[in-house]
């Protein structure tokens, strides 16, 4: 295991622009989301667009707590977002979101999400999603390299 | 009428910090609002907080089209907002908002709103509201005088 | 104290339609609110309409935890909502909301709110608000008496 | 053309559960969307989740005006939604959305979207998206056949 980890990490540190893929299906980060009455639409479910707000909340925390992204230096924009809606979230249900980085490129990286509700002590998957994120320079609003330290923290946390 | 208008306008132009009150109940500005499916909550009505978004849309247009507020020079913040909910807005109903300035002080001014739905060709009042707005300087984020030209356009448009 | 409480409660129980006024300025209920990145507008503040969503969250919890409102039997609609915006809420600030019932009529009742941010261990008031709420019958969508048990729990909790 | 249309339609009408694919890249439906100040986040762009609300608005109109979906009989839920963010939408930009049905199955069907902004008279693509929709029965909340008439109107409008 240690060997594998060392072996996998080395080339990345030598060549930061190479792509790193997360082949595990394990999530190491989980956070809760407070639903709001106004999140629910006339169908009685959380409205589909609001799930994307939940993802935003979850990844913001992941970047703050785990990746410690330095927003003063580098921005992040979304290039792609998608969700599979599996089970609706109903009023008073308690939900959590799992987040993980599954691919790290030069300036782009991909996150995966799993929104679950607590159902008798175990997780019931409500939806799964993915976003492609791009590090951008505030100067020219163009893609820029993922900062080295943030990159390293993603790699280490996700054991890539 | 002309006499009254001239008489009422004069002191204001001499002393911009005096308070000008709109005693009429006439609205000279009306704009439409597109409702969105996600504006409606589980009760089947437009959610109460969303009405305040409607007011924001309406006053933004009023300031742009009538007052021609110069956002590059001076900001506006809300000090107070209130609404009386009279009739709920339902899906597919077409609504409009009336806006007018009812009080102009040195740095603060007050708007009144009437949200109506079209019902057989005539307006049915859904809610009435009020906001107190304050001109703020971008430099120190403190209240500042309402710019003279914007002030004049408010006065002229509202025939104060 | 006990005497006073008994004395004050008695007439209310005899005549539930009489109006009960809360003259204290004490709040006995406090709850937290999670801000979301999308709550903030281009000014960098929580958008004014979103505060009304915060109030909704806070009163929903108050009604659930304290008043134990039975939503299956009786609905509540808003007749009026207002807020004074005192200090803006900024990204990453932790906020809480105080809620209390200040007036109880036959079918209508009034809540007051105080939104605060934690600033060095003490509360800094960001805004204060008020809503007038009306118990409504699901059958005819008309105002109805506040249910006796809910009414009593409001009175007891607020020591009216 | 007529021949092709007849030929292509025949098997579908015989066997409604067969899948119909739209191979054209033409959009026949376009609608406008009013942006709101509160749609914009601190980055100065329309917030990513709000685009999904725009899609919802656009498809709701498409279903109402073109497909004339009978909501009283059959519901629709989303199974999947995705967007590619190409160019940000800024304040005061006028945007439109193109919608089309690209696949029709037994109970599921797929829509494609193109969000554009008007730039000197021509369309500039801001984002492209896709949703998988499922007809559901209100009785058992389970997938049900797309109603025959709605299905036919999709086919005819999209010239499938």
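Going by the order they are written in, the chains are A, B, C and D; count residues from 1 in each one.
The rule is short, and it goes like this: contacts are C-beta pairs under 8 Å (C-beta built on N, C-alpha and C of every residue); 3 or more make two chains touch, one makes a residue touch a chain.
None of the values given here were measured: they were computed from a predicted structure.
The chains that touch both chain A and chain D are B, C.
Each chain gets a centre from the mean of its Cα atoms; the one farthest from the centre of chain A is B.
Centre-to-centre separation of chain B and chain C, using mean CA positions: 27 Å. Inter-chain spacing, taken between the CA centroids of chain B and chain D, is 36 Å.
In this assembly, the C-alpha centroid of chain A lies 41 Å from the C-alpha centroid of chain B. Within chain D, contacts with two or more other chains are made by residues 37-38, 47, 49-50, 53, 56.
Those residues of chain A that touch chain C in the shared complex are 33-34, 36-38, 53, 56-57, 60. Contact residues on chain A toward chain B in their complex (touch as defined above): 37-38, 40-42, 44, 47, 49-50, 91. Residues of chain A that touch chain D in their complex: 43, 47-53, 56, 75, 77-85, 88.
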